[in-house]
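These notes are about the structure you will find just below.
Letters A, B, C and D mark the chains in the order given here, with residues in each chain numbered from 1 onward.
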Amino acid sequence: MKPVNHISIKKGMKVSDLVNQMAGSGVMGAGRVAKASVIMSEMFSDKECTVFLGLAGAMVPGGMKNLLVDMLKSGRINVFVSTGANLTHDVFEALGFNHFQGCAKADDAKLHKEGIDRIYDTFLKNEVYEKMEDFFKKNFDELSRTKNIQEFLWKLGEILPESDSILKVCYEKNIPVFCPGIADSGIGLMIWGRQAEGKKFDLPVFEDMKEIISLAWDSKKNGVIYIGGGLPKNFIQQSMQFSKGAMYGVQISTDMPQWGGSSGANLCEGISWGKMKEEGRYIDVYCDATIALPLIWASVKSKLP
Amino acid sequence: MKPVNHISIKKGMKVSDLVNQMAGSGVMGAGRVAKASVIMSEMFSDKECTVFLGLAGAMVPGGMKNLLVDMLKSGRINVFVSTGANLTHDVFEALGFNHFQGCAKADDAKLHKEGIDRIYDTFLKNEVYEKMEDFFKKNFDELSRTKNIQEFLWKLGEILPESDSILKVCYEKNIPVFCPGIADSGIGLMIWGRQAEGKKFDLPVFEDMKEIISLAWDSKKNGVIYIGGGLPKNFIQQSMQFSKGAMYGVQISTDMPQWGGSSGANLCEGISWGKMKEEGRYIDVYCDATIALPLIWASVKSKLP
Amino acid sequence: MKPVNHISIKKGMKVSDLVNQMAGSGVMGAGRVAKASVIMSEMFSDKECTVFLGLAGAMVPGGMKNLLVDMLKSGRINVFVSTGANLTHDVFEALGFNHFQGCAKADDAKLHKEGIDRIYDTFLKNEVYEKMEDFFKKNFDELSRTKNIQEFLWKLGEILPESDSILKVCYEKNIPVFCPGIADSGIGLMIWGRQAEGKKFDLPVFEDMKEIISLAWDSKKNGVIYIGGGLPKNFIQQSMQFSKGAMYGVQISTDMPQWGGSSGANLCEGISWGKMKEEGRYIDVYCDATIALPLIWASVKSKLP
Amino acid sequence: MKPVNHISIKKGMKVSDLVNQMAGSGVMGAGRVAKASVIMSEMFSDKECTVFLGLAGAMVPGGMKNLLVDMLKSGRINVFVSTGANLTHDVFEALGFNHFQGCAKADDAKLHKEGIDRIYDTFLKNEVYEKMEDFFKKNFDELSRTKNIQEFLWKLGEILPESDSILKVCYEKNIPVFCPGIADSGIGLMIWGRQAEGKKFDLPVFEDMKEIISLAWDSKKNGVIYIGGGLPKNFIQQSMQFSKGAMYGVQISTDMPQWGGSSGANLCEGISWGKMKEEGRYIDVYCDATIALPLIWASVKSKLP
C-alpha cells in the first residue's frame, strides 16, 4: 500500500509542481486531479491514440475559452464534440461581445428590463442576438452551401472575424467539430430565423454519426476527455462502442453517478457497455471544471515538448 | 409571515394528504414538493395554458415509464421533449425487454462478458440492441417515409407493438414529440446502421424548431415541466422566449445552479432572458425525480376530475 | 435478475402503496426509499434490536418536528442523538415560538434590521433568544442539579411547557438523548450566559460515552437510522464498533461519499471498521430528508400494529 | 460591468499566476477561488483582524496535514476549531502511522478481515488504535491534569513525538484549539477507555465557550475561514454574534445552501443573524477542499512577506 503524502506548498511554486504534490494525496479530490493530469499526458504522448474532447456546461461564459483554444491548438485533440450553447457563446465573443462578471442574487425582472441575460452569476447583453442575426443574414448564402453539421461548423469558424475562437481554431486545425444538438442553441435560432424568412436550408441530423463512428473505429486506440456530461459525452461514448472501448479517459463533472444518468456516470460503467476497455486508464474528477481543468491543463501543458 | 406547520403523518394516509401536509414546511425540500404540486395543478386547470414537458435522466430505467405514460394520457401534456435515451429505453420495453434491478458495485468487466450493460444500479441485457436492429430493419421502409424527427417519432410510436409505451401514447394522443438530440441515442444508432447498409435516409435537424416555436407562440399561456435538465429543458426554454415567457414552471433536478449550466439553472433566471414571466408561478425542486415526481403526480392526479 | 416494475400511480392512493410501488424501481432513488422503509420496518419488528436515531440538518425549521415526535412516541426508538441546533429549535417551539416560511433571496441586511434570522428559506424572530434566556434563568437552579448532558436534556424536556416537543417526549418515554456537541448551540449559549453571570455549572464532555457504548454493547442487535450526518451519525457509528456492528441501517442524506467525510460515507464503509455487520441490511438514501423521511415514516407507520 | 477575461495557461506558470488569471472568470468556480485568495490575503494583512479557522471533513486522510500545519505556522491563524476526527488522524500520523492510498470499490468485509479501515478511497490500519491506546495509557497522568478541552489539546500537542503535527504546532505557536465535539472521536474513545479502567477524569463541555467568545468579542475585527462545515463552522459562527459580525469570510465546502443546514449555508446568511457584517467581504467556494485549498493557500502564501 502506498502511503498518503501530504501536499506541501512552496512559495512561488509552479502549477505543475502543485499537481505533482496532489498525486500524494491518493484518490480523494486532489489525487483525482493529479491522476487526471497523468492520464491526459499519457493519452497525448501515445502516438496511436485519437483523442475525443466532449464539452458541456457554461464553459465559455465561465472563462474557459482561451484554455480550450489552447488545448485545441496543441495538436493533441483530434475530435471535438460540444453543446450548441458553448459554440454560440464562442461566436458571441468572436463577434466582439463580452460576457460580464455579474451576481447570482440580481433581480431578474430588473435585468430583463435592462436587456441583460443572466447565466448564474455571469451577465450577457441581449443585444448580442441582434448582431449575431446580422452576421448570419450577411453570411447565410455561404453557410447554406454546407452539407452537414460538421461542414457547417467549420464554415462558421472560417468566416468568423479573426480572433481566438474555438470554432476558428477547429477550422484552421482541421479538427472535426460535432454538435448533434445544434438545434438547441442560439445558432439553431439563427437558422430558424432564416427559415422563417423563407430560406430553404437544413442539415441532416444523423449524417455526422458516420464520421465520428469511423474516427473511433479506424484509430488504433482512443482517449476521451469529458468536460461536463450531457449530449457531448454520451455521443462520444456511443461511438466508443465501435472501437472496442477507449483506452484512456478523463472526466471532470459536478454531476454524480448516484442519479443514474449518463452525465454523472463513472467512466468504469462504460466497461460493461464495451465503451471503455477493462485494462484502460481512466479517472472521474468530481469538481467544477472551471477549477479543475486549469490545474490539469497547466500541468499537462508543462510536459508537452 | 406564515408559520411553518410541521408535517403530521397519519396511519394509512393518502399521498395527496401527505403532499398537502408538506405545504406547511415552507419552502425547504418538502415545501417545494408541495408547491410543485400546486403549480402543476394550476397549469393543468388553466384552459388557456399549453403545457410543455421536458424529460432527461435515466427515467425509464429508473421505473418512471408508467407514470410518464399516465401523465401523457391525462390530456394535460401538450408538447413532449425527450432525450434520445429515454425514448430508446421506452422502445426496448415496448419490444418486450425489461430493465433489471442490479447493483452499482458490480464488476463491470464481468458484466461485459455476460452481456449486461450497467446504468448505475440498473442492468440491461445487451441483446436488446440486436432485437431493436431486427425491428428497425423490418420497419425501415415505413419509418423512412417520414420527413422530420417529430413525424418519425410518431411513426415509431404507431408501429411499436401494443403496450403502455411513451412513444405509442404520444402517437395515439397526438402529442408532438421532439428529440433534437436523437442522433445521440440507440435510435440514432439504428439509423446509422441502415445508412451503413446503403439506405438513403436522414432527417432535417432544424426543421422541428418551427413547430415547437409556433406552439409556444400561438398559445395564450405556457407552462413548463422539467424532469431533469439537459437538452429537453433548454430546447423548451429557448422556445419560451417567443411567447413572452412561461406563466407556470416546475423543475425537478439534482443539478444545482451554482455551476452555471442550463440544467441546474433556477427557473427565475429565465425571467432575465424573457423565458419566464416576472409574474409567473414557478418552483425548483432539488431532488431525485424518481422520488419527487411520484409524490407530485399522485397529488396532482388526485385533483384531476 | 428481478425486472424493474414501473411505478403506477392510482388516484387517491395511500403513501404506503406508493412506497410499495417504489420497490419495483430497483435501487435508484425510489427503490432506495422503498428499501429504507422495508429495513426500518424490519428493525422495528425485531424484538432483539436496539434502535439508535441520529439527527442532523435543519429538521425542526424544515417542518419535521411532529414526525420526529411521532417516531419517538412509537416506542421503537431506543436511543436518540441530536445536534444542539435541532434541540434548540425544539425548545423555541416548546416556548411558543414558530419558524416562518421565508425566502432564500431575502436581503439579509434588511432582515437583520428587522430582527429576523434566516435559515435558507425559513425565518426565525431573533427575540426567541431573549425568551429562551428568561426560561433558562428561571429554571437554572433545577437544570444545574443535573450531572451529565443526558440528565440535563431530560430535565430540560421535563420542565418545558406542555407541547409536542422532541425533548419532552424523550423525557416522558425515557429515551436517552445524547448531544455531544451541545456547546455548539443556542442551549450552549444559555449556559455560557449563566456562567458569565457567575453561576458555577458545567457538565462532563466524555461521561455520556459510557452510556451510549453500554447501550450498544449490551443489546443483542443494533439498528441505526441517520437523518443527515454530522456528529450524531459519527457518535452512534463509533459506539457500534463495540457491538460487533449494527445489523440494520438506514441513512438519509444529501451528502455524498465522494468527498471522504463521515457524513456522506456509505453505510457499507462501516463494515471495514466493524461498525456494520457484513451480513447486515442497510441502505443509503440520497435525498433531502424533508422529502424522503415523510414517505418512509408513513410507510413504516402503516405496518405498525 | 467588468468583462469576463478568459484564463490563459502559460507553460511553467506559477500557482499564484493561475489564481490571478482565475479572477478574470468572474464568480463562477474559478472566480470564487480567486476571490477567496484575495479575501484571505486581506484578512491576513489586516493587523486588527483575529482569524478563526474551522476544519471539518476528511482533511488529514485527504493529504491536507502539511498544508494546515503551514497555515498554522504562518502566524496568521489566531484561533483553530476542529472536528475530533481530524485531530485523531493527526495524532495517528504523529505516532508514526500513515494513511494509505486505497480504493473506494474495495470489498469492505475483506478489508475488515485484514484489519483495514476504509475512509472512502483512503485506508488506515486498525492497529493504530492499539498504539494510540498505549500512548494515552503512558501519558494519561499528565493529560488528566488539564482542566478544559483547550488545555487538554495543547498538552496532547506538547507530548506528541516531534513531527509536523497540527496539534504540536498549535501548542508551540500558542494557537487556541477548540474541539467541542471531542467525545465524538478516537481521542474521545481513549478517554472512555481510561474511564472504563477506573480512572477519574473528565472535562467541562461548556467551559471553552468563554474563551472563544472572549476572543471574538475582544478583537477589533474578525475573519473566518471554513474548510468544510459541521460543528467547527457553527461554533465559530455563534461566537461571531458577540463581535457584531465577522468582517472577512472564506468558506470552502461541497455542501449546498439548498438543504437549509448550517454546513452549507452561504456566508451572507450570517448577516441576518449578526454573525457577518453587512459591509463584510466574504465568499463561498463550492469545491472539494483538497482541490481548492491548495490553490488558495499557494496564492495567499506567495503574497506573505
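Basically, a contact is a pair of C-beta atoms (placed from the backbone, for glycine too) under 8 Å apart; a residue touches a chain by one contact, two chains touch by 3 or more.
From a predicted model like this one, the values you see are computed outputs, not experimental measurements.
Trainee: From subunit C, which chain is the farthest off, judged by mean CA positions?
Mentor: Result for the farthest chain: A.
Trainee: So if I superpose subunit A on subunit D by CA, what angle comes out, to the nearest 5°?
Mentor: 180
Trainee: When subunit C touches subunit D, do the two copies use mostly the same residue numbers, with over half shared, or different ones?
Mentor: Same: most residue numbers at the subunit C-subunit D interface appear in both copies.
Trainee: Report, in whole Å, the distance between the mean C-alpha point of subunit B and the mean C-alpha point of subunit C.
Mentor: One centre to the other, that is 35 Å.
Trainee: Centroid of subunit A to centroid of subunit B, CA atoms only: how many Å?
Mentor: Measuring from centre to centre gives 25 Å for this pair.
Trainee: By residue number and range, which residues of subunit A touch two or more other chains?
Mentor: 28-29, 58, 61-62, 104, 120-122, 256, 258-260, 286, 288, in rising order.
Trainee: Show which residues of subunit C lie in contact with subunit B when the two form their complex.
Mentor: Of all residues in subunit C, those touching subunit B are 1-9, 11-16, 18, 21-22, 24-31, 33, 58, 61-67, 70, 98-104, 120-123, 286-292, 294-295, 297-298, 301-302, 304.
Trainee: Using the touch definition from the top, list the residues of subunit B that touch subunit A in their complex.
Mentor: Its residues touching subunit A are 56-58, 61-62, 85, 104, 106, 108-109, 111-112, 116-122, 126, 149, 180-185, 188-189, 191-192, 195-196, 201-210, 213, 228, 230-231, 234-235, 238, 254-263, 265, 268-274, 278, 288.
Trainee: Considering only the defined contacts, which subunit C positions touch subunit A in the complex?
Mentor: Touching subunit A from subunit C are residues 28-29, 105, 256, 258-260, 286.
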